[in-house]
Amino acid sequence: MSDQSINEIQDEIIDEFAILGDDKESTVFYIMELGSNLEPLEDRYRIDSNLIKGCQSKVWLEAELEDDRLVLKADSNTDITKGLISLLIRVLSGQSLDNVINADLYFIEKIGMHNVIGSQRSNGLASMIKQIRLYAIAYKTKLQSQS
Amino acid sequence: MIREQFRILSREINGRPLVYFDNAATTQKPDVVINAISEYYQDYNANIHRGIHTLAEKATEAYEGTRRKVKEYINASSSDEVIFTYGTTDGINLAANSLGRATLNKGDEVLISAMEHHSNIVPWQMICEERGAILRVAPINDAGELIYEEYLKLLSEKVKIVSIVHVSNSLGTINPVKKIIADAHAVGAYVLIDGAQAAAHLGVDVQDLDCDLYAFSSHKMFGPTGVGVLYGKRAVLDLMPPYRGGGEMIKEVTFEKTTYNDLPFKFEAGTPNIADVIGFSSAIDYINALDKNSVQEYEKKLLEYGVSKLAEIDGLKFIGTAKDKISVISFIIEDVHPFDIGMMLDAGGVAVRTGHHCTQPLMDYYNIEGTVRASLSIYNTEAEIDILAEKLKAIVKIKRK
Amino acid sequence: MIREQFRILSREINGRPLVYFDNAATTQKPDVVINAISEYYQDYNANIHRGIHTLAEKATEAYEGTRRKVKEYINASSSDEVIFTYGTTDGINLAANSLGRATLNKGDEVLISAMEHHSNIVPWQMICEERGAILRVAPINDAGELIYEEYLKLLSEKVKIVSIVHVSNSLGTINPVKKIIADAHAVGAYVLIDGAQAAAHLGVDVQDLDCDLYAFSSHKMFGPTGVGVLYGKRAVLDLMPPYRGGGEMIKEVTFEKTTYNDLPFKFEAGTPNIADVIGFSSAIDYINALDKNSVQEYEKKLLEYGVSKLAEIDGLKFIGTAKDKISVISFIIEDVHPFDIGMMLDAGGVAVRTGHHCTQPLMDYYNIEGTVRASLSIYNTEAEIDILAEKLKAIVKIKRK
Amino acid sequence: MSDQSINEIQDEIIDEFAILGDDKESTVFYIMELGSNLEPLEDRYRIDSNLIKGCQSKVWLEAELEDDRLVLKADSNTDITKGLISLLIRVLSGQSLDNVINADLYFIEKIGMHNVIGSQRSNGLASMIKQIRLYAIAYKTKLQSQS
């Protein structure tokens, strides 16, 4: 579970990327390193119902509820996509459903992600975020109907 | 001096000089081509053929001049055999629809190879489904070469059309098309050659090849986008019904009956891509002005240099090692996804293509998702290959650490 | 100021200033369009969609940017409904083949009008012949207007597709397409509108019109040649099978089975005309920057002036006198062949079109071989019309002497 | 029958056109005037077998043999084409078969006809000349087989 708020984590990431400066090559290398450090998803989660298909990369995304908080696990066939996912997980996993639903993910724009990964991958990133929010909303609805 | 003709080659990407290794997707254009298009629009833009005013005359002459230039370039026997299309894909669709309807019946076969581009697969799938015909696939070996005996075995009297790529875009393999055509003719099949990748790298002589149809794209040979050529032997084009209907392709229209125009106009309906056909002429001039032999030698040297440099990289495996090939280097690197490689190269200014290159069945054969492809052209240099090799080494180092 | 944007307008023909009155055939292009094409080639030429490098990214963004701009221009509900074609003719062929195959069976009917361009006749003849369907023709009156009661009479439940021109290229007639569409929908027919001549002169709102398909060409609205748009309602495009097969229009290809891509890519096979699609964007910007109302007013004034001037000429008869029309003036002169008029005008620097304007059945209706057509655009002037009128007078004088 | 040689007539035409100078408008007007002065072809000759079809203009061409000489009659639906034909008739009609077959029609280039009428009409003109030569050759073959 995350003790930091979403915005605290976002600000941390912004600072980290600031060190890389404007150099796209270092930035992309860094994202790839983040990706290769992401724990691989267990095989039982790498199923079609968890699959988000992009142009060349596939993303498996699994969201579970633990004590009112959303826990995210994900994987991809490409390291760069994994790197992007790892940032999303760092920011959103372990946060309350409401915080996930209402989060303003300003770090993406601040670190100039669009320019780094291009518009096609930016669209992919946007669909991942959308998918995470949908999970959160679904869990919330479920909790409300139970109470 | 070659590079000076291509202004884009001096630009920077992310603060690093652009290294453009995506020439099989589309080549860059020399200034003469870009200027020819601007000149057309500034000096004599007009709709062609039926116009009698001076601008229309001039535009028509230039447009038809390109047709004659293409005729010479591919050594067709008449410029009536040169049909302007919108690209290779459009040309193959024209052929599949028109020749397909004229020749295919239930149970007939169309024969392609395992290394075809989607543009030389899907149109045949579509027409085969419509006509109840069967699509057959000649297999390849691990080097990415057609297994010729298997091709011969598949060549039965049932085969009405053979459609094979001259040069593979994913592998660089040069197919022995002259033999392929002769053997196909022996069983009475018509042959289309997909020359998209060949037209810029090899000399094409359609009479020597004796192919029935030959399709290629301007944009892959230093010319503008939106223009292609479908060459056809007159006798074959004559038996093909029109594909698109509209202006220009008719002789007379009444609501009851329409008579079609002569070749080549029968296949050119509507206002064509006038400006770019005219620009294409300058691209052919540009190629013709180069010394063909030294270009081929230079590209061969580049290929050899690239292969030797990339062979040093840990875990790298070449995909496509045919004996006879053009300057296309496709490869994978163990444990690194092609997409990651492509993204990281691009961040360093090196443009390669990654993925299946519109040849998914070929990737299935190699049991891979895709490759990284560096496709080289006349303006590339050994120094650029050095940059590629260095950057690949750095990528591998990160991954392996 | 407008004329300064079009460098070609200041050139001379045979020592006389060019008077360009052939705008219905193709318009001239402002500098911004010509420059956008050069810039693309010099700065970011690359093949689009599947590429991940910076140039491919930039080219893809610009290409898709045009799609969004077209969406706004015609007020489509989504840019997925904007299909890039190679022109109006190509778009109508796509529609005839695809929608035709999806809807036409033996005995069904396709309804067009007597003032259609060959590009909106021949594709329907071809698909009707293939499907055993019947082509019906709604008649016109002497002014060149659709006889609406006759149109209604022909609209039976058998009619599956109605395909009508928005604005006639030979006559200038503006058809009441909104009503035409509503009445066709009432019998369950799909409606395609041929907007080739409308897109530059009228505002087009496809949602307001409620048409199922709308086809037009870039080159007739200040944009480059080789680009067109087929707009389609999503529901209609969804039921239409693909037309061309090849790269880009697929999701997955195996030799056994191919699954097709989503809209709009399902209909865009192969490398598109990237440079010109991008140039087209500047043409729309150019049009958007003009004040629509004053343009329409200006063209109307020019038309009225032209008609009043030409009416003075001995033996001149207007062809196409609809109440609602754009700035197209078609005419014949007693005892003088249109060809002779066109040749003589051209010798004096005036570019008009002569002949049947790809509407032979319409010419048959008027029992003439062709007309002389002066089609006016925003950059034409009353002074140019004076030149035309004077030269016509001189021609008539020689003939009558 | 023509008393002048083909080249004498050609030179005469070249001189006439020289007076018009470089002005295309006057030249086209002149050709049209020549056309409107050409005697119309009798209806019995305006038949499909005599028809040469161009883009917008039709030409009817009739060639007869009179005393070893080729006599040409022609007509068109457009005055300019008639004007072009009238020049051909003036040069070639009434000449001996051999002279027609071997004629070098340099006047066409000398008066800059290609520039005046454009390449499409020039092609039309070329097919007219070809047709006239074919008539001459056919008559010659016929005469030889009779002798």
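Assorted remarks:
Order as written gives the chain letters A, B, C and D; numbering starts at 1 within each chain.
Convention: contacts are C-beta pairs under 8 Å (C-beta built on N, C-alpha and C of every residue); 3 or more make two chains touch, one makes a residue touch a chain.
The structure presented is a predicted model; accordingly, all values stated were derived computationally and were not measured.
Should one ask which of C-D and B-D has more C-beta pairs in contact, the pair is C-D. Inter-chain centre distance (chain C to chain D, centres taken as mean C-alpha positions): 40 Å.
For this pair, chain A with chain D, the centres built from the Cα atoms lie 82 Å apart. Annotation: 48 Å between the Cα-based centres of chain A and chain C. In chain D, the positions touching at least two other chains are 55-56. Across the assembly, chain C contributes 14, 50, 52, 54, 339, 343, 354-355 as residues in contact with two or more other chains. Shown are all chain pairs that touch, namely A-B, A-C, B-C, B-D, C-D. Chain A meets chain C in the complex at residues 55-56, 118-121.
In the complex of the two chains, the chain B residues touching chain C come out as 7-8, 11, 13-14, 18, 20, 22, 25-26, 28-29, 33-34, 37-38, 41-47, 50-56, 86-90, 92-93, 96, 117-119, 121-123, 125-126, 135, 137, 217, 219, 224-227, 242, 244-250, 252-255, 258, 269-276, 339, 342-343, 345-346, 350-355, 358, 360-361, 364. Taken together, the chain C residues at the contact with chain D in this complex read 14-16, 336-340, 343-344, 347-348, 354-355, 369-370, 398-399.
Those residues of chain A lying in contact with chain B across their complex are 23-25, 27-29, 32-33, 35-36, 55-57, 77-81, 116-117.
On the side of chain B, the complex with chain D involves touching residues 50, 52, 54, 57, 60-61.
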